[in-house]
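Okay, so subunit A shows up in both of these, paired with subunit B first and subunit C after.
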Partner chain A sequence: MAEELRTEDMTMNMGPQHPSTHGVCRLVLTLDGEVIKDCQPVIGFLHRSIEKMCENRTYAQCIPLMDRFEYCTSMSCNWAFCLAAEKLSDIKVPERGEYLRVIMGELNRIASHLIFVGVTPMDCGALTPFLYTFRERERIMDLFEMTCGQRLTYNYIRIGGVAKDIPPEFIPKCREFLDIFEEKIRDYEKLLVDNPIWIARNKGVGIITPQLVYDYCISGPSARASGVNFDIRKNDPYSIYDRFDFDIPLGTGGDCYDRFNVRVNEMRQSARIVAQALDHLPDGEIRVKVPLKFKPNPGEVYSRRENSRGEMGVYLVSDGSTKPFRIRARGGSFSHLQAVPHIVKGLKIADLVAIFASMDIIMPEIDR
Partner chain B sequence: MTKAELTAHITTTFSGQVTVIENTQPEPYFIVKPEDLVAFARFIHDDSALQLTFLMNLAGADTGERYEVVYNVCSYQLKHRIFFKIQLPHDNPEFDTVIQVWPGANWFEREVWELFGMTVRNHPNLTRFLLEDDWNEGFPLRKGWTGTDFIPLPDRG
Partner chain C sequence: MVEVIRQFASGIYNLLLGMFTSGKHLARHAITVQYPKERWEVPERSRGMVVLLTDHETGQLNCTACLLCMRGCPSGAIDIEVEKDEKGRRHLKNFTVDFHLCCFCGLCQEACNFSAIKLSRKYEFPEYDKKDLIFDIRKLQAEGMDVPYEKPVRKKVEPKPPAAPSEAAPAQPSVPETPGPEKPPSSDTPPAEADGPNPTEAG
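On to the complex of A and B.
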């Protein structure tokens, strides 16, 4: 018998069309057996040049493009863009408009987290939660559809307010959803949180240390799962978030298990915010009149929103004409995917799938 | 710290030269000389009163007369934010990487290189990643760029 067997590193492509990469992302893995020695993400498959297209369109025409920036939380992207334009031209949104924005934004956050809660276990081999969460997501989609006629790309939040008022049946339907939702969240937790297979796959896997959070600009629930208390809704309140009473769920371990639990608890807090907003929803205007040929004041602005995946920021330069001079939209995943190679080194391929899913990385906001 | 305190602290403590841009936004905004960029980044990242550890955004821009690179930074610990930018000439735009300060700047700088054609000195991996691998139609985000299927829409203003 030869004492030393010859070994060799293997290079393997994961993707671009891998079901667990949530979009089209190719990961070039260098493997020693099943252990990952190196991981290089290859992106750009979904590049649609949104920023260049925005420079060629009026502000109102940019809003539908921002929907496509990150289609799981289109409301947030509309909102971040409108915030930037409003900041530049000192537009004050009417009270009812602000409340409707908060209601829609938080419902959209719940819808996005429901996709996460359904899809993450599916990547780890548990198909059932997916069917449960999409049942509840359907109710939110119905609420959006009755308000703005769309289920995925809403074009609802406009500069100066929102596009349409809610129909009369919205509030009872929404309350009905909130009433059952807490029980449904407990169902998801029953399926997963104490499940020994789930714990074995996720606990202690893919630890993100606070130092890695600082180094790679990780934001949103993925940062909070590592114990970094950073939420733009509290730290840099925009809109009317300072009026609501809600908590920031924090994790301690920074592993996949914590990232999942933080998001599940965030859904509870978002439901709390929506309930408070419905209670205090004032009457009145939903939008201030903004001319069709909207021209903000010349200047530069950076607006930021807490999106379901981290910080959603829009850097906007205006030269005083009807078209934006420069737009740079920043999504959380762009930074998060950079950190993945540092998290997965030394782990197995199956862990990479769990980590990728637990960070809720979505490709359209990386490729833009 | 408030905007005025941040401005005063940075202009008095930083050894290089910074220019303050007056604006009505809540964040102070500075222009830093390109040769001071890394020293400035290191200073605001490490200074205990600033701790600007979170690089929120890094964007290139073409103003028509010159190129700019804009940095929006924030503090995880102290929650305040500042913006700063460097200005580069149109011919031979080059600036230093800040990866050693914020490792997350890597892809942001790659994007500035790819879409604006500004060279990033000391960057470990300046390769295409958003555009096609065999892209040869120049730098799309430069003003005045025209590609084969790019049609400028009329200004309706």
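On to the complex of A and C.
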């Protein structure tokens, strides 16, 4: 008698050096054929102990470190840290400083979403949008470079304001970018949104229900794609976001396709905010003077802001000295990665790649 | 059956639309730059190599050895050796920037009240040997010779209550009494300690 035929599960490592893991993430997959039975993310490959390093540095020296917290949206990380320090010591930022922060923060959100819009199709096999989005991203990088001197690690937002005023050629160049940008977004949509291959890869794949959003603390565009209307800019306004007129794009299905479309539409809204901020940009001080040895009041504070990946919060404990006693930074990606094993069970490996890309997970934010 | 045909037609149309969108780019010039042959002009504020600036009138470094840049550096890339003469004045002996550690954040430039240190626009300085990336004072001064900068606008120093008004104006660059090789032009200004009279913007 022939031995009974049997199958057994196969364990496979996806990563750490896999091009679609957006950083260095290892996913231990248990496969039944091509169907994923279990997925176990292993994190920590990019750990740089930024939070611990901040404890040995003064508040001003922490800001360049927060650039490296999540390098796609350095401006937002600077801002989140400065918000916490300002909340702790009741510093009021001047009007022009707030407007410049909003302009830079929203341009940075566009730059981050442009990476997403380029990289997600590339993971699914479409190379062309990547080239187009990075062309537009370069223009934003140019704007940042002429303002603060760097293209990636800006170190621009300071406690009490911003580091430098914008150069005179910034505003015409920024308006020029905003004018062409709407047409470029339409180009990305022409390439992808109704494309049958793109729809087949993404529609109905990796559905996140609103219940799952609450269970796993998913925030940002990934949550809004599931129909959860939560945006910190609207629900818990910080800075001067209550003065601008913008919409929150919402999805209905919560699948990869919706998560892509929500981000594309969010770029439009961010462009609207930048245009309004440029129109109403007041003159005056950009920064309040804070002493060289900045000592916030003792206490602890949690401040949060809407990052391009979700809620970016900084929990800051101060003992009244020049150095923070403890910093804990929260990025959206950690919660998103937690939810991935739940979503991918029963799907195929190709779907996992699409889901992982559509959640806009970035590893340095998780490992810190 | 009609639905299938409609879907098929729509799919073909959208594929052709995408091809047309990317096909438009066949007719335009390349926007990329062939890097080693063509270069961009980097903006004025671009943060590149750290250099030490020289006062072209006196030929001496602007640095007063106040150590503010060293304290402001988040990565400990700057190392300054200071020596004191018999009158207790501080002289700059050596100034080292370790470009392995430097993160080009620009905090040193911001901490400096005397326009002595600046992040220049030079962005490519790779070396074959690691120790060649540790720049000493001569190298930093030589690199900073042709870097344009604005003369420091000396901030008004608020006089301390007991101080005489004559002491309250050290802002003018006074002629150094004892000529030293690295003598800064205003070395009789009290070194700007953390509680010194120079309000700085390094928050």
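Methods note: the second predicted complex is superposed on the first by the 364 of 368 C-alpha atoms of A that agree within 3 Å, B and C clash if a C-alpha of one lies under 4 Å from a C-alpha of the other, contacts with A are read in each partner's own complex, and residues count from 1 in each chain.
Everything that follows uses one rule, which is that contacts are C-beta pairs under 8 Å (C-beta built on N, C-alpha and C of every residue); 3 or more make two chains touch, one makes a residue touch a chain.
Since this is a predicted model, take the numbers as computed values, not measurements.
Shared-chain residue A:135: touches subunit C; no touch with subunit B.
Of the two partner chains, neither subunit B nor subunit C is touched by A:184. Using the contact criterion defined above for the overlaid structures, shared-chain residue A:219 touches subunit B, although it does not reach subunit C. Once chain A of one complex is fitted onto chain A of the other, the partner contacts of A:57 extend to both subunit B and subunit C.
In the superposition on chain A, contact of A:293 is made with both subunit B and subunit C.
When the two complexes are laid over each other on chain A, subunit A has residues 57, 293 in contact with both subunit B and subunit C.
On the side of subunit C, the complex with subunit A involves touching residues 7, 10-11, 14-15, 17-18, 21-22, 31, 42-47, 72-75, 103-107, 110, 119, 194, 199-203. Subunit A makes touch with subunit B in their complex at residues 42-44, 47, 49, 51-52, 56-58, 87, 213-217, 219, 223, 228, 230, 235-236, 293, 295, 299-302, 304, 311, 313, 315, 317, 321-323, 325-326, 328, 330, 334-335, 338-339, 367-368. Of all residues in subunit B, only 23, 25, 27, 29, 53-57, 59, 61-62, 70, 72, 76, 79, 81, 83, 102-104, 106-108, 128-132, 140-141, 150, 152-153, 155-157 touch subunit A in the complex they form. For subunit A in complex with subunit C, the touching residues are 57, 59-65, 67, 128, 135, 142, 145-150, 153, 155, 158-160, 163-164, 167, 187, 190-192, 194-197, 287, 289-294.
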